[in-house]
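Below you'll find a set of structures to go through.
Okay, so chain A shows up in both of these, paired with chain B first and chain C after.
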Partner chain A sequence: MTQSIITQFLSGFSVVAILIIAALGLAIIFGVAGVINMAHGEFIMVGAYTAAVVGKLGGNTLVAIPVAFVTVGLLGLLIERGIVQWIYDRPLETLLATWGVGIILQTVTKLIFGPELYYVGSPKFLAGGFRVIGRLPFPWYRLFLVIVAILLLALVFHVIFKTNLGLEVRAVRRNRAIAGCLGIDTARVDMAVFVFGSGLAGIAGAVLAPIKSVSTAMGFPYAVDSFMVLVLGGVGNLWGVAAGAGLIGEAETVLSFIFNNVIGRLLVFLFIVVTIRLVPKGIFGYYERR
Partner chain B sequence: MSLQVSAIDTFYGTSHILHGVSLEIGEGELLAVLGRNGAGKTTLLRSITGINPPRRGLVRLDGVDLKRLKSHERTRLGVSYVPQGREIIPDLTVAENIYVALLGKGRKRGRVPDLVFDYFPALRPLVDQKGGTLSGGQQQQLAIARALVQEPKFLLMDEPTEGLQPSVVEEVELIIKRIPSERKCAVLLVEQNLDFVRDIAQRFAILDTGRIVREGDVAGLTNEVVQRHLSV
Partner chain C sequence: MSGIALADAITKKPVRRVRRTPMLPRWALIGGAGVVALIGSYPYYGSNGYMLSLLGKFLCYAVFALSIDLIWGFTGILSLGQAVYFGVGAYFVAVSLKLNYTLTHPTRYGGKIPDFMEWNGLTAVPSFMAPLMSLPFAIVCALVVPTLLALLFGVITFKRHIYGVYCAVITLAESLILQDFIIEYQAYTGGFNGITDYSNYVGAAFLWFILGVTAVFFLTGRVLTHSRLGTVLKSIGDNDVRAEFMGYNVANYRIFVFCVSAFMAGAAGAMYAAWVGLVSFLDTGPVYSVEAVIWTAVGGRGTIIGPFVGAFLVKGAEFFLSGTLAEWWQILVGGLFIFVVLVLRDGIVGTIANWVRRRSAGSFRQIAQEADRKAHDRQRDWQAEGATRHGEEAR
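== the complex of A and B ==
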């Protein structure tokens, strides 16, 4: 039993990776621009359809990653310039507007691609798997997801802590009015953050497409998971994404093994509720929830 | 070179804070704005920076109407701000706080300019320390340094000695005294310390419940004027 739980714990790394990949874009947009992007799941979905199109054209996931980043980044730019930039300071309206955008994206995607499911294969060199401990196989593609999650986290850390944009982002996140008085164009920073976060959601869709059937509704569960990661880990701190994803991913995997999927998820929800009762801003959170 | 504030009315929501306030400041001048708590001094500076733009009236910099300009555009035109309470970005190091000001002015990040250490040598060993861990006096030095690296034409300072221990107050006052002549910029100073104002300002303006009730050369800041408009 102990060995089985350890095995599950190791396989939980891929779930953690999936959560990190899915939540990063949302964390950036929420943490800096303060927008609760209800269309986040649909951004992931568009990334996945982009991967499907790339696949049809003969490309694999490695090709789909940059294409999805650019495609969904441009979509984010369009939405930010067209809608969100006018309502940044009105949280309820951004929430409703991005929800509406999500519905539109689902509908338009369904009109273009039809209601059928799309299958995106993983790259040939990542076919098959290996054994970790005992008999449980660990697919190469899941290991690839772990590596992608680490690389994406590293990329985001680099952008935030090593670039001029990141410095501006940190200043705006902490004190928007004063950052403006220091000469920072806060609207440009918001736009850059929204586009970057959207692009990350696109990458999430591209790399998650091979492990899930691509459909217009596929983004919703990822969006729910992403919000859970942020609520638990805290908004405004990238370590919160890693911590939230780590706790949820591992807890869900191990508890689902010990009990079953439903009870496992239920216990995770319970754990989140208790945690935010005790630590309202999340484990690493900066913003107090009101 | 001049900064003109003409008949501005500024509101916080429905609260009418400034009522037709006008003043003007030119190159190398130091104008002190005085007033009781809640008189509208900070709101005046926030109106000029664009944080709380006035609903009516004009703010002109060298004849350019700032009405449609956002805070960062006003900064790039030459208005820098040392806010009340310092407002250092606490998560950023001393150096990063300076870099933000340089980037905001369209300059390269490079390294911390010597100017910072010329004025505030105490900041040199602290460059890699987070702003939030500095003492009040050190934060005030950083707030002024942050504004000075932007080489402003107009420097707005909101109670820069507030909450500092007396020895640090003296140090900060000496620096402020040097700024107009050495940096060739005009200073609009909100300050409560009357001796300090009499020592360094050329002119003064007194705000009372959002209106300018007295202004003129600092020689006119007599005890009678103080008694009438500033005593509680």
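== the complex of A and C ==
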């Protein structure tokens, strides 16, 4: 029993990786622009469909990642310019508008690709797996996911802390008005952040496509999980994403193994609610100065 | 005019004049009575059973939308999981009706338990569900349990100043988990298929009952939001920090209105289950919750009539258009979300109200009255005591 829980714990790392990959884009958008993007799940879905198309054309996941980044990034640009830029000051209504965007994206995708499921194969060199402890195989692709999650975190850290854009983003996040006074075009920063976050959602879709059958409704559960990660980890701090994803991913895997899926999710939800009752701004958001 | 007013204010005993709109303006009374009569008399002039069932359904939707309007439109709490309360209410009544139905209608295999229990290998009604055999008890549960759930939720979140987007996201997850729960424990809830095949109450009498309850709820909503309490609620919706500084316990107000709203949602769900005869996990899900939010937004949040109008319009359009439009209907709904947020912010009723207000500010009668009052003022200026400047005299 103990050993199998340990194996579950190890395989939980891939769940954590998935959560980090899915939540990063949302975290950036929510953390900086203050917008909950309800269409986030649909962005992931579009990314996955992009990967499916790339797969049909003969490319593998490594090709799909940049393509999905660009595709979904452009989609994000379109939606930011068309809709979201008018309602940054009304976060609750952004939530509704982006929900509408999500519905439209789902339906349009269904109209284009039809209702059937798509399967995207994982790259050839990542086929198979290795054994960790006991007899549980750990697929190479899961390890790949963990590596992608770490690389994406590193990428986002680099962008936020080492580039000029990141400096502006951090300034806007700290104090929007003063940042504007210092000559930072805050609207442009919001746009850049939204596009970058959307692109990350696209990458998430491309990477997650091989482990999940691609359908129009695939995104929503990821979106909700991502929200939970943000709520638990705290908004506006990248460590919060890692911590939230780590706690939720591991807890859910282990608890689902001990009880069942639903009880596991319920317990995790209760855990989240109790945690934010104690630290309302999330684990890492709490100490942040606003 | 202002000089006189100032002088009056200083010299006379201060009278606090609060211009309040009447609780029930005449047009609302007449219109409301008209709508009630129109719907209530349908069994006499209409013979279409489908229309009848739609009417009862829409009334439940309207109550559900009202429950969202109270918390979102007035108090500014956006819940994306309001269907949890609707669904809990609906499931209590549905399970009770189903249990009673199976007593007289044994299943194909002769069992006197609901079919979904039999499929899942239960041989008798589990003891914790046995009390639900009594319909009155189930109805009480359908009303009380949602309220208690809302109380619990409110105490956990609002007391710690968790609201806004966080609240929306948590309620969303809540309803998603309830949905999973219902699907997973299908032996007790009917799972994916929901609860069907029980004797539901369709007919004129029950339509009148639903209509009566709906009318009472809408009147309650009006009384609640038109009172002092309603003013506080609106102020919380406008600026909760300021309301807190004014000395109001914002958290308690939020909890209170959230409980009232959950009660209404539970009642709506209970009536819905009894009327429609089919309850499924979809009735507790996030999609349904957000859909109801959009009815409220279309009708006009922050107005009492809005939810009614919105529920009837959107749901009516869905029933008549979604068949012919198929997939395009979904795109239309998505567009509606965006349209309501970007363009029609106050919804249909709110926009009409704004328009009337603006018009009445510049209407001919208003201008004439204004002129009259000015003439009156001028007349008083000519009176003897008006020789000194008003205002100076008072000092």
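Please note the rule applied: the second predicted complex is superposed on the first by the 285 of 290 C-alpha atoms of A that agree within 3 Å, B and C clash if a C-alpha of one lies under 4 Å from a C-alpha of the other, contacts with A are read in each partner's own complex, and residues count from 1 in each chain.
Everything below uses one rule, namely that contacts are C-beta pairs under 8 Å (C-beta built on N, C-alpha and C of every residue); 3 or more make two chains touch, one makes a residue touch a chain.
Treat the numbers as computed from the prediction; the structure is a model and nothing was measured.
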item	value
Dominant contact partner of chain A by residue count, chain C or chain B	C
Partner chain in contact with A:Leu167 - chain B first, chain C second, else both or neither	first
Touching partner for A:Gly205 - first (chain B), second (chain C), both, neither	neither
Touching partner for A:Leu182 - first (chain B), second (chain C), both, neither	first
A:Gly76 touches, of chain B and chain C: first, second, both or neither?	neither
For the chain C and chain A complex, residues of the former touching the latter	76, 78, 80, 156-157, 160-162, 164-166, 168-170, 172-174, 176-177, 180-181, 184-185, 286, 290, 293-294, 297, 327-328, 330-331, 333-338, 340-342, 345
Touching residues (chain side chain A, partner chain C) in the complex	30, 36, 83, 86-87, 90-97, 99-104, 106-108, 110-111, 221, 224, 227-228, 230-231, 260-262, 265-266, 269, 272-273, 276-277, 280
Chain B-touching residues of chain A, taken from the complex the two chains share	164, 167-168, 170-171, 174-175, 177-187
Parts of chain B lying in touch with chain A, wherever the complex brings them together	49-51, 70-72, 75-76, 80-81, 83, 87, 89-92, 96, 99-101, 103-106, 109, 146, 150
